[in-house]
Amino acid sequence: MPLHEERMTGRSKTAEVWFPELDSIIRRALEEDIGSGDLTTRALIKPGIWSRATVEANETLILAGLPVFQRLFQLLEPSCLFHPSFCDGERVSAGKIIANVEGPAPALLMGERVALNFLQHLSGIATMTRHYVDAVQQWDARVVDTRKTTPGLRVLEKYAVRKGGGFNHRMGLFDGILIKENHIAACGGVGEAVRRARAEVPHTVKVEVEIDRVDQLEEALAAGADIVLLDNMSVENMSMAVQINRKRTLLEASGGIRLENAARVAATGVDLISVGALTHSSPSVDISMHLYMEE
Amino acid sequence: MPLHEERMTGRSKTAEVWFPELDSIIRRALEEDIGSGDLTTRALIKPGIWSRATVEANETLILAGLPVFQRLFQLLEPSCLFHPSFCDGERVSAGKIIANVEGPAPALLMGERVALNFLQHLSGIATMTRHYVDAVQQWDARVVDTRKTTPGLRVLEKYAVRKGGGFNHRMGLFDGILIKENHIAACGGVGEAVRRARAEVPHTVKVEVEIDRVDQLEEALAAGADIVLLDNMSVENMSMAVQINRKRTLLEASGGIRLENAARVAATGVDLISVGALTHSSPSVDISMHLYMEE
Amino acid sequence: MPLHEERMTGRSKTAEVWFPELDSIIRRALEEDIGSGDLTTRALIKPGIWSRATVEANETLILAGLPVFQRLFQLLEPSCLFHPSFCDGERVSAGKIIANVEGPAPALLMGERVALNFLQHLSGIATMTRHYVDAVQQWDARVVDTRKTTPGLRVLEKYAVRKGGGFNHRMGLFDGILIKENHIAACGGVGEAVRRARAEVPHTVKVEVEIDRVDQLEEALAAGADIVLLDNMSVENMSMAVQINRKRTLLEASGGIRLENAARVAATGVDLISVGALTHSSPSVDISMHLYMEE
Amino acid sequence: MPLHEERMTGRSKTAEVWFPELDSIIRRALEEDIGSGDLTTRALIKPGIWSRATVEANETLILAGLPVFQRLFQLLEPSCLFHPSFCDGERVSAGKIIANVEGPAPALLMGERVALNFLQHLSGIATMTRHYVDAVQQWDARVVDTRKTTPGLRVLEKYAVRKGGGFNHRMGLFDGILIKENHIAACGGVGEAVRRARAEVPHTVKVEVEIDRVDQLEEALAAGADIVLLDNMSVENMSMAVQINRKRTLLEASGGIRLENAARVAATGVDLISVGALTHSSPSVDISMHLYMEE
Amino acid sequence: MPLHEERMTGRSKTAEVWFPELDSIIRRALEEDIGSGDLTTRALIKPGIWSRATVEANETLILAGLPVFQRLFQLLEPSCLFHPSFCDGERVSAGKIIANVEGPAPALLMGERVALNFLQHLSGIATMTRHYVDAVQQWDARVVDTRKTTPGLRVLEKYAVRKGGGFNHRMGLFDGILIKENHIAACGGVGEAVRRARAEVPHTVKVEVEIDRVDQLEEALAAGADIVLLDNMSVENMSMAVQINRKRTLLEASGGIRLENAARVAATGVDLISVGALTHSSPSVDISMHLYMEE
Amino acid sequence: MPLHEERMTGRSKTAEVWFPELDSIIRRALEEDIGSGDLTTRALIKPGIWSRATVEANETLILAGLPVFQRLFQLLEPSCLFHPSFCDGERVSAGKIIANVEGPAPALLMGERVALNFLQHLSGIATMTRHYVDAVQQWDARVVDTRKTTPGLRVLEKYAVRKGGGFNHRMGLFDGILIKENHIAACGGVGEAVRRARAEVPHTVKVEVEIDRVDQLEEALAAGADIVLLDNMSVENMSMAVQINRKRTLLEASGGIRLENAARVAATGVDLISVGALTHSSPSVDISMHLYMEE
């Protein structure tokens, strides 16, 4: 039904990344850069000039954030047009054009830097995630993210992890239970902590508990833990935990996992490999935007 | 005057990094993580338990963001106490305690992750900046940042650059003129663009223009440019530009500068070396927080 | 002038309920429900599917809040279309279709619950108000609301009261004077309190005073009260107050008025009957929304 | 440790209900009522008068919202003092004093109505919830809430449900999967929908699916549903579902459950009974506040 | 009761001007001036220096806005101390010290300009208002303000009018009815418009109607107008209107009233004289702040 | 390219005044006036009536703020149409029509007063600025504004100064260095203060220092001040400063400059004349809006 298709284009492309705070995040980033106005553009560019721009990958990357990029220009100036050549999650080779944008020159000039900052940061995360995913591809383990994200950008960064082929862990403190060392100490043991959580929390939420010794696993299982996090364990201990567990619960490997050792960890048979570096240390990828003034 | 000293402690420690939006940035980061409430803490920790925590450097780093870290806990719970052992800008060796915090256990548990996310990210930037600063230390060039920052965190990231020993370029489009390729094209030449900017903009603002050929330098100087950015030039061309310039204006080297070649660039005699990677690709440094419950 | 008519449709339908905060109230309600994203829709529904929905009354009700319902979907996704069969203030019999909505399936699925929450709550208030209005219809008394509203929804709830046939009392502390027991005590008497208010407040604002004994009425009248609230008086005392008043001021009956005794109160000849329960205890009415996916 | 205890009093009392948006919700409610200023108080009350107030239950109720009540006065005027006699979750008999408040008269007068609006609404929900909990107490079923909440107050209303002895269902679309009729239709069946959700969503989230025929239960179980919602089923069908299930998954009864039939539903052996009326139709309970001016 | 007095000092001084948006207005003004940080103070002033300042009237003025001035420094830095010598509404002679402030030097330096901008603007309005009030003092007419205020500052400007001895007209479109020419045209006459408004609006709100011919007055009176605005009438016509009215309603003179002719207008016997210039054209008064660094 | 031209019309007309906060400033001004709704319009005007309005200059003025005026109606109701006859910066003679607006009657009635408040205030500033610019036109001095602006409106007021022919000084504390008396005292002298600022601040920012004695000029020049502010100096001393300076730096005259003496100050040869009165004391100009209802 083409009529509807067309009407929906704008928003539906952002459906997978959309959440109510998205526009506010973009607006604050623009406000941070433009502040009381773009002095250079105001002095030198006539408002009426239309311009076109190409967005180009300067290195091979996994794309993430294109709907944010598009939405940013739309918020700056609704008349901007956007013609993407790739979708989030796709691999873009160095030198390829990711998208074309057109609109009034002041809008493109004012939005360029911030739009690229989003796209380069999120694609950097997707690209790094894909490296991890590729590293463990012959095993069943999911690569998952953590709460070690850049303040203010968590939902977007976790979206980028998904586009890179990873999976999300809980979004924050509000949508999952992760019982850590301190909680265990306060409750007097792994089993008691898990039981107390079970009794209190919504039935819709899974209970995960962190252990740092293999011998705590049976206690966690007995108390009904849905997920057990193996904290900073050696590969040998992880293997032992996998054997003891016999698929009764999900096992998550966490701590000290790098691209170099990810495969060895996956080979132990753990279900989940969580990697903080995906979101706190992925370098930005190199993308640039070239403008052409009309008239 | 001790009375005053004490009263001032809270805010004055944050004076160098303070700006009106700071609390909002911290609050949004907490909101993003805590959302509708911390399920685990609510289920397992009695509100009345007091706890102490040590903040420890797990690798050697240049510290940045401690006042943000402190302010975060103060916003979560005003009764939290903070005892820093280092100041922002100082080098902290691996294994050293950066600070002690104490407060109600729920507050420390709820704030821990986000507070570390700020501190690890900003210290990562300061640490990387210091590497660049050290690399060029025998020359006069300032290492400066760019607008390639993480959306929403620019003022803090530029603060971290200063703490690393770098200097700030303009904060955004609103507080400096940087005439780029597209502006030049729209005006019909370097000289004309600089002159037009000069005629329009506040007298308090310096006019910087980007050139990509050495032969444009005289035109920029003649038009009265305060700063000239040498865009992606070879080291040879930069040297030539320095000689032609004879200190008449500030010269900024930009594009493709890495830790490995920074010294060679600085050796050309340029005044400024701008490095986008400081803010878009510095990995997080490793800092952890250990809690001890009291009863 | 059809062209204009059409252009105006969107906003003009909401004109009676519109006020500048409306969009923010809707957005916060969506944010509260959708948060970091709709997990179920994201996993299961293709963005491009168009869907249609019918909104159906499952019990007989007085409608209120349809423009809010419509605006919510418009804010979620501007391409949504809305075809109402009834207007706010109309009686809708059980089983009738209130409106049809169409739009991208993710938008309808994400907005459904919150949109219904608004509509069921406001129609609940309008329906209850209509019961009171019907109960007193043979007398002149206006049924009016109070400040006992649900925090955050006052303007909408007072709109629902109007659609139910009731009238509004003051909106808040800022647009009317209501001198209560404590103010009277602080001023040393009904007359003094009324006189002092008269002398201070804008000439555009009416002065209302609360009395709990009939013998205070003359003092209030003498001091120039525009409205007198009879607080928790017996029907006999209200009748006496009406006789003493002889239409010199408006008399408002307040306290302990229920559907069962509203007619007896109205029969005393009071001008206004204020009922807190309209806004603090009206049960939600039953409305449902049925979706049909297109392909 | 008394020093800490005391310092913590203010915030720790609100720990169970606290979430980052709480102050904003209170502030908006005050803004809605006070707007451009309290005309009556400004005209009649000297700022310097100190006053005391008692908060009294006019009917027997289950208390919920006292920390919100307290926080409201603290936000209006930090010098206000609060002396509670009961805690949230306790039964308060008609005529009992819930708390004493003291502070500057203008603050108590300006905050009274909105503070009571919160307390009466939330205690109304807790009281109604307790009725349901009492009704099913001899069975194991949890009484749980729904997403049918008052727009803008969901987190607080769900807190009130917990204080009434109920449990929470998912908070919103972001922290749980509930596959409904429309999602099933779009996926082509219960099993396929559950499997697809399983494959996509974070491992921390449980997958719940709604069925309206008992014969769909095995398909749901086979696909790995964590929770199955029995939609508007007869008591007989629910019993049959319980027998078929044999504790393999959690069963939730939903639709048409009232205080009168709750026990019969619980007797079927379902694990969860969800009741929308808890949050959308609980009447406010009657609480009043009496002020005494000092001189 | 000294203990309470002291605790209340901070807020109670601002009681007359306080309204929930006040802090936001101050914060936005600070944000507008300080933005990403005070470059000069950061470079030159040590955070720990304590300073004192005197606030001095450089011309004779009527003071308004001192609580806003005080609150601004409190928001910037809670340790600031404030010692006022005058109250809002008092006449301050040229050369007198209005107040002393002390606090950390960075706070005083950062807040000085914005604090003075508020105080000079509001005192300018109070001073101009007092001139009008003095001009008409031998008659009974109230000098009232209008909605011709500076965008964003209306509540504060109307407060300044009160402190100058004037009175407030309605605050905005939400708290009073003023039927103007266009409304009358749409309703088909003065009488019909007044009657329709009467029938619709809350009983707490007065109905004012604007007439521009004396012969419309009887129609307005017959329809029950509470206030009649005499729009741009000659003094002779105003006198005639006063005679016809015989105190039956309030008469407001509006349009073209200047300090020079205010007395002649008042002499006609009108009840209210509204002057837009009070808020849209009062020049700022001259107040300065002198700092003294300690140590 | 007509297609693009048309699409761009809306936003591009506001390009020169646009900055990210603009819509928020307009929205807050509307919120301040409309609050919980326009009682008069709601009672008397049918939503569907279309109306036209002319905006007329009642005195000769320099126009500023027309894009703000237009944007306000667009925000209230997107269907409003706008037909300007003049551009910001142009002189409009008394009696001329500035623009025509059309739209739904409720939108025009609700927006009229606030839209005019913006336009009259900003045009007042532009008009006053033009008087100063005309007064000094035979000399080279720029007329510049200050930070003495109306809280909340600085960016707009500084835009109005530009439209009047003046130039902007720094926008706030964040985009320029102005070393004043207190900073100098804290640093121990003009030269030391300038040198310290130079060493610390971004290379993109100019350093201005205030002196009140001519003999401080050489010290400022030697230390490398980019701009020197001559604070409250006599015309004779300014002339002397100009001679000493010999164009080495920019000289700004500040303090006590009025329309009457501006030419004499300009004649000294200073580069900049800063006038606080432009923004803090320009009276509003007289502009009115006349509506015509269609049927």
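Note that the chains are named A, B, C, D, E and F in the order they appear, and that numbering of residues resets to 1 at the start of each chain.
Definition applied: a contact is a pair of C-beta atoms (placed from the backbone, for glycine too) under 8 Å apart; a residue touches a chain by one contact, two chains touch by 3 or more.
Note that the coordinates shown come from a computational prediction; the quantities given were computed from them, not determined experimentally.
Seen from the C-alpha centroid of chain F, the farthest chain centroid is that of D. Of all residue numbers that take part in the contact between chain A and chain F, under half occur on both sides, making this a different-residue interface. The interface in B-E, C-E or A-D that matches B-D, meaning over half of the contact pairs are the same by residue number, belongs to B-E.
The rotation relating chain B to chain E, fitted on Cα atoms, amounts to 120°, rounded to the nearest 5. Averaged C-alpha coordinates give centres for chain A and chain C that are 43 Å from one another. Each chain gets one centre point, the mean of its Cα atoms, and the points for chain B and chain C are 51 Å apart. Counting partners per residue, chain B has 19, 34-37, 42, 154-155, 171-172, 174-176, 202, 205 as the residues that reach two or more other chains. Interface residues of chain C, counted against chain A in their complex, comprise 27, 30-31, 34-37, 42, 47-48, 50, 77-79, 104, 106-107, 294. Residue ranges of chain D in contact with chain C, taken from their complex: 25-26, 28-29, 32-46, 49, 51, 105, 109-110, 113-114, 116-118, 120-121, 124, 147-155, 171-180, 182-183, 185-187, 193, 196-197, 200-202, 205, 276-277, 280-281, 283-284, 291, 293. Taken in their complex, chain E has these residues touching chain C: 19, 142, 144, 167-171, 174-176, 202-206, 208, 227, 250, 271-272. Residues 1, 4-5, 7-8, 10-13, 15-16, 18-21, 154-155, 158, 171-172, 175 of chain B are the ones touching chain E in the complex.
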